Amino acid sequence: MRIGVFCSGGDAPGMNACVRAVVRTATAVGHQVVGIRRGYQGLIEEDFYWDDPSARAMSLRSVSGILQRGGTILYSSRSEEFRTDAGQQQAADVLRRHGIDAVIPIGGDGTFRGARALARLWGGHIVACPGTIDNDLSGTDFTIGFHTAVKTAVDAVDKLRDTAESHERLFLVEVMGRASGYIALYTALAAGAEVACLPETPTDVPDILAQIQMLKNRGKKSILVIVAEGDDCGGAGPLKNRLEAAGCPFSMRVVTLGHVQRGGTPVPEDRLLATRLGELAARSVIAGETLVMAGEVHGSLTLTPLEEAGRHKPVPREYVELLETMAN
Amino acid sequence: MRIGVFCSGGDAPGMNACVRAVVRTATAVGHQVVGIRRGYQGLIEEDFYWDDPSARAMSLRSVSGILQRGGTILYSSRSEEFRTDAGQQQAADVLRRHGIDAVIPIGGDGTFRGARALARLWGGHIVACPGTIDNDLSGTDFTIGFHTAVKTAVDAVDKLRDTAESHERLFLVEVMGRASGYIALYTALAAGAEVACLPETPTDVPDILAQIQMLKNRGKKSILVIVAEGDDCGGAGPLKNRLEAAGCPFSMRVVTLGHVQRGGTPVPEDRLLATRLGELAARSVIAGETLVMAGEVHGSLTLTPLEEAGRHKPVPREYVELLETMAN
Amino acid sequence: MRIGVFCSGGDAPGMNACVRAVVRTATAVGHQVVGIRRGYQGLIEEDFYWDDPSARAMSLRSVSGILQRGGTILYSSRSEEFRTDAGQQQAADVLRRHGIDAVIPIGGDGTFRGARALARLWGGHIVACPGTIDNDLSGTDFTIGFHTAVKTAVDAVDKLRDTAESHERLFLVEVMGRASGYIALYTALAAGAEVACLPETPTDVPDILAQIQMLKNRGKKSILVIVAEGDDCGGAGPLKNRLEAAGCPFSMRVVTLGHVQRGGTPVPEDRLLATRLGELAARSVIAGETLVMAGEVHGSLTLTPLEEAGRHKPVPREYVELLETMAN
Amino acid sequence: MRIGVFCSGGDAPGMNACVRAVVRTATAVGHQVVGIRRGYQGLIEEDFYWDDPSARAMSLRSVSGILQRGGTILYSSRSEEFRTDAGQQQAADVLRRHGIDAVIPIGGDGTFRGARALARLWGGHIVACPGTIDNDLSGTDFTIGFHTAVKTAVDAVDKLRDTAESHERLFLVEVMGRASGYIALYTALAAGAEVACLPETPTDVPDILAQIQMLKNRGKKSILVIVAEGDDCGGAGPLKNRLEAAGCPFSMRVVTLGHVQRGGTPVPEDRLLATRLGELAARSVIAGETLVMAGEVHGSLTLTPLEEAGRHKPVPREYVELLETMAN
């Protein structure tokens, strides 16, 4: 069996670990893995990656030493061309022409929509892996890359706490998450922030201000507010302006963490999750599964239909309440 | 209600986060928390910690800025005196004399045995938290400190891989775990090691040697073997001698990570887990629970009888198999 | 002798190490050190810090465990009040009233100007330490905090390289430095960036574009441009717009590192430098030196008149040329 | 001109950055660089590395993305064969046969001795770079890799301080340095250790014990002793036994950091130094220099005869005194 593997959409730490697991698992039982560069765009352009030219496949050695590397050796992209019928037809033709029997796409909900579109034109098997820092997919407790993004954000907020305390300031820290507050909420809890503004809940400026004032009265020297980029306040900058206008008693500074959250060596949790899910995806696609996503729910490996997996997973309510209890 | 909190046994990153959660949770609903220094020994010696002398309690402010600190502000110890009847009687007397109604011990199975002994002499409530890097307790998927210990070990092994590759060497890395292979197994999987030697399984030197030889034949330039200190081979040093005697084809070096694994700022997972469990323990003890451990199983908070919680939790068999598939 | 010590202006990692060295050095030879909180503002407000009330001084123990902490336990500020004659007079009065014979201010050129103003109204001795991440002072090869800021910036750029490569993108990374290109230049060299835009040199957009195009033609998959906030292009955002308008062949993203650069545990170089300079400042002020800054030039300890020390230190021309050679 | 470059002896973080600088500098001015794998052994075995087969040279691209990687892409070794006359003759023959006009060895004093032996049999030019974590070479203030090794050691000691404090313990930490105390002394100063045992000075157990006792009397809860592996006490283990026998008032633990110190991504200082020295070595060898080492002294680039460069550089006396002042 010839299995294509590719990364699509925003890159996430652990994608390489996932590719490695796919190659090692499939190769160990006699199948061939073809790397496809730059996601759907590379598929359309026949941009393949293999180091064993006789088998036209990736060797066991090709994935040595990539487990700990950020980014993806297969590159990623968001393909405009693949959104067209012609692009999708072209991708299906390429797969047929190169004798590829199955694909394992690694990415988020956009990647899964692409996979479902492809399945209408091509009869091969598709088992996806959840590779996105946002942790906004159903069918898995965590997505590959999420834990690393949180670690990066928490490390940054730990540093900001130093300088916030020294100057008795309030920092507004904007983290990634257009539709999902997972990174913001986990970062706030783990970094000991006082407030988290999430896309899932309305942001009430007078409420926040009242809490800040109460904490100042209790002697708190610095305040940290974590803001998801997709929060309804419009992000950290607009929120600062509104807090200022409303009379915030602290001097404020904004920090936007940005793409740093996508990079770096994956933390152990992401390496392990990516390895487990890559192995599961390879095993499953060989066993004939299709149009499902490999996931881990409550510690157990599971397969979820792609359609369902792409649905938004809400942040846990009890974590929001926990933050309120701790921010004192 | 007056609640005592203390850390006992080997320290673990995240213990401070747990103490902070206990103080914030209990204080928020009008109870008082008394810090007890140096575990059972400090209890016997009435070595209390509080910063609010009128309430003789820890204030909300006393736990500010400790979430991210390694070690424990309450200090820890292994008390010989508490193993005696007189010591236990003395501890119970101290609790009564100081009007302490309940205690929250943070530690491992030894700490839980101590708590059960105390309960025979003292009628207060006891809800424990699992604070140990070993992850060898039942009743919780992970113990507080485990994820940080794995991160520290993986960082070290990542560095060793650099130098192992440069010199085409085999490194034997000894990690903590007297009775449990959790740290060794997770480290091996996350660091891409080729072999893990665990206390739970017999270590077969000819088998390991055969695998090493096979990997060398396939062109592998360096080999990493992770050895739990409690493995039946006797640790990394003895294993090196046996591999050498058996004709290992690589030049070998031993590294023993040691107590470094106990320190460092807790990773986000440990800060979060410690916060959740500290909050649960405080809530539960206030609600009248006793002789249970706060834990997290499959993402949900649970209480497990101390007797059960102290039982050894075996490493997951599927992780051992996953390592075998990946080590190619 | 009673010596006041304070931090002023933007905080820098290593300030705590410097305070520790001042306290330990002076105390060891029988003098007393008084901590002054929040720089000149705290001086005006008599906001002192000491833990030994009988001596009204900081004890040896008061600085235990602060060597590795970011920020400053003495807090810092930029005081508007001290810019007025009345404020300066008030500060001088406070020093006299509390029997303080000498002060050791830790900060940058604004701090040194303040010290010189104070010296016109107060006869005590003043020996300053260079505490600023900008490395823009004369009289010392490096300022306390610079190496840590570079480390933080380089770590961030290393992560961005992962994601830049995965998406074949150009990243514009804005680092601190209003008047000085030191952080930008060192970051660019150490992170292997292709371009650095410095306040010291005019930024020529067509030139940069030509270099980017040449690198793309040679097969480069990603480009990193480091921009000092004080560069004449106006920062990373405006530069992106101009490159876009001029037809840059890469998709671009902007990341502004911001205040993260001020925090974090100081790297060993900053801990060592801060310790050496704190010790030198204490020794020198005791020996009767005044209106000088403690510095390290070519590995040797030196004292430089404050007036001279405050002068801008240009970036080394050979480092700019080295970057050009390496960016290929 | 064809220039060979290789790494020899113990690997050091920054060797890759140095190789990159050599390739980029020489290639930019029209020369060719041939990678030689595994040092002198690879030279004897004609184990070359190049990615441009027509030029039989390393391309600009071959060194992309290696600046931040630990270890060395050229591998290193200690060659027994090269210590023989036949081996040296063979190496010289290989250089002649492959038209190599000059070599740039990266390593320590053993590497330099090898270079001088080679020069007796081969007329090409040799300009070496100081690549060793030990910082024991003359002719340069710092060797490539030293700063990273210190950072790794200090990070470890910071973690040990957490657990030392929690248990009120004394830790003996053994760091690398057979003949040189540089790593031990810098680590002790930067980590705030109380004692450093260096190969350069006799270790007096009663003296150390008296200091430990004095610190305990003053209320110190934990003690850190840094021991260079080449100290005359025989290392951390033997020192522990002697302190125990002499009645040390603390419970003690030993940690041996080992090869972890050789790995990891180089810190900015090492990347910069390696880049500067690689560039200087390439420029110098092209300009006709020979039998010298590229170094940086007091911020300036210098060339030092290999014979001189190999001489032991003593630790600075003032740093030893500084540690005594600070350890209070």
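In this document, chain identifiers A, B, C and D correspond to the written order of the chains, with residue numbering beginning at 1 in each.
One rule holds in what follows: a contact is a pair of C-beta atoms (placed from the backbone, for glycine too) under 8 Å apart; a residue touches a chain by one contact, two chains touch by 3 or more.
Being a predicted model, the structure only gives us computed values, none of them experimental.
The chains that touch both chain A and chain C are none; no such chain exists. Between chain A and chain B, the centres computed from C-alpha atoms are 29 Å apart.
For this pair, chain A with chain D, the centres built from the Cα atoms lie 39 Å apart. The geometric centre of chain B is 35 Å away from that of chain D, both derived from CA atoms.
With touch defined as above, residues shared between interfaces to two or more other chains in chain C number as follows: 158, 161, 165.
If you check each pair of chains against the touch rule, the ones that pass are A-B, A-C, B-D, C-D.
For chain D in complex with chain C, the touching residues are 20-21, 24-25, 27-28, 60-61, 64-65, 67-68, 141, 147, 150-151, 154, 158, 161, 165, 186-187, 189-192, 218-220, 265, 267-269, 271-272, 275-276, 279, 298-299, 322, 325-326, 328.
Chain B contributes residues 7, 11, 13, 15, 38, 69-72, 75-77, 152, 156, 158-163, 165-168, 171, 221, 253-256, 258-260, 262-264 to its touches with chain D in the complex.
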